[in-house]
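Below is one structure; the comments refer to it alone.
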Amino acid sequence: MSLNSIFQYFVPKDKKFFPLFEQAGSNLIDMAKLLQESLYSTDPAKRTQNAKQIEDLEHKGDNITHQIHLELGKNFITPFDREDIHALASSLDDVADFIHGAANRIELYKVANPSQAMKEMTDLILEATEHVAKAIFELKDLKNIRNITDSCVRINSVENKADYIFDKAVAELFEYEKDAINLIKFKEVLSAMEDATDKCEDVANVLESILVKNA
Amino acid sequence: MSLNSIFQYFVPKDKKFFPLFEQAGSNLIDMAKLLQESLYSTDPAKRTQNAKQIEDLEHKGDNITHQIHLELGKNFITPFDREDIHALASSLDDVADFIHGAANRIELYKVANPSQAMKEMTDLILEATEHVAKAIFELKDLKNIRNITDSCVRINSVENKADYIFDKAVAELFEYEKDAINLIKFKEVLSAMEDATDKCEDVANVLESILVKNA
Amino acid sequence: MSLNSIFQYFVPKDKKFFPLFEQAGSNLIDMAKLLQESLYSTDPAKRTQNAKQIEDLEHKGDNITHQIHLELGKNFITPFDREDIHALASSLDDVADFIHGAANRIELYKVANPSQAMKEMTDLILEATEHVAKAIFELKDLKNIRNITDSCVRINSVENKADYIFDKAVAELFEYEKDAINLIKFKEVLSAMEDATDKCEDVANVLESILVKNA
């Protein structure tokens, strides 16, 4: 029963926020694909090239977030609560930051041989971003609430898997990696990856709160 | 002079939010007790068992937070500002995350002999969560503002002590611990513990801001 | 077209929030100057003394933030949106926390010889805080929007430079520093410094969002 629900019959079909959110969602998929490809590649030059592309997409994402904020400032009536638009934009931005952070650390730390756990984490990040983009796409008409809820459940499940892989990989590092500098490198890359899936879960939480208010 | 104050005479005694916040508060005490017990135990099996129970309670806390968000979506009138309900729920959730984080790191890193500083930190975390739970309990009728303020002052004082112990322990690690991997282990466990008391201070800040608006 | 814009002709010239924000801004400059001076000094006693002064100013900053929150609770009409006042106060507080964090780590870790990259980072932090303070000063009458926008652009540019220096310095640490404990020390000091410039960028983002709504 928010202000937006009261006004909902007068709100013209939003053509400002949804297209931007959809761009942000598909940008995340692009980033996640590049990261995955990079981790499975055995060519360091390829990896450097992908890291640069991921950086460009992260800037693209920043611009999308910025445009969402500009629209928020210009529009009194929004398709759902202002605070939720803000929270959704921020959480999508956070996902991009951590995908970029993972790629960047691999470059900076010159990680020559990504571990199996890292590769699996990029599979999960891609899976999570696909569900994020799907849920955002469905958001524009709330007819398919079930689909959005489904995507949120799947994001949570992916995040749980990522948690498990991260914990296991870190435990193994502390058990078997005797070179402290290598341990730091691997732990920090894995940590950025796990944060990326955490932030996908934040997106799911925001989406669920939007559903509760507007359904 | 918030919307809620204007409406306050019409607001029926809240039976939705306060019970959930009280559950969240007492859940934190349970977690802090398990962590303290775990650190003082010399039996690694006991420690593993407590870590599992802490993980279960962390999930329980997640569910409480989730229910608070659902209630926020369903209720137009809330006992205090929506943004404060949201902030209070989030900060309580953060405390749980870091207590769990500390227990989890001890397990993952196989910390065999917790340091004296770690033990003292768990005393402080328990003390802080007890004040948090007490303040939340008093929140439901604002007659005892003095008690809430007292608890907040005590939380701040506990956090200052935790800061001091953390800083001293980390300085000693850098001075005496020559094994870098051990240094990382101890520093990160202490850091999660210190973050837990920081987040208790965030709870106190939210409580104070609720008092200012509604008193 | 916020509530505040509607009321703007009735809002008496704010004498509560702007002076506090200005104090917060100039406090950041003082902290940044002490940090810079400390890093360029070759006298460890001087460095310890500056670290103590930075800690005092961080407490001073906490008090200013606290007063802003108290004013928020007491005043129904604010010079710009409540959420933006809250966000501006928080982001200024975060800058102070990380400047203090950098100084504190140098002390705790007994960093005897600050690196060239650290020195350059303190130049950038000072530059960023000067632009932050300038933009806040202009905020009180929105005649000089151009000046505020200029400062925000400069803050973003400083943050980009800090990113570049940080990335380069960390890559070099992983390439040349064979002592893992030294690597941790240097990396964490640099990281707190980089976070300080990041948080200045957050301030710029809040300022831009205030401009968009009120201009």
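The letters A, B and C name the chains in turn, as written, and every chain counts its residues from 1.
Going forward, a contact is a pair of C-beta atoms (placed from the backbone, for glycine too) under 8 Å apart; a residue touches a chain by one contact, two chains touch by 3 or more.
For clarity, every value in this text was computed on a predicted model and none was experimentally measured.
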| item | value |
| --- | --- |
| Type of chain B:chain C copy interface by residue overlap (half), same or different | different |
| Copy-to-copy rotation for chain A and chain B - C-alpha atoms, rounded to a multiple of 5° | 120 |
| Geometric centre distance via CA averages, chain C-chain B, whole Å | 27 |
| Chain C, residues touching no fewer than two other chains | 83, 180-181, 184 |
| Sites on chain B touched by chain A in the complex | 69-70, 72-74, 76, 83, 104, 107-110, 180-181, 184-185 |
| Of all residues in chain C, those that touch chain A in their complex | 1, 83, 167, 170-171, 174-175, 177-178, 180-181, 183-184, 205, 208-209, 212-213 |
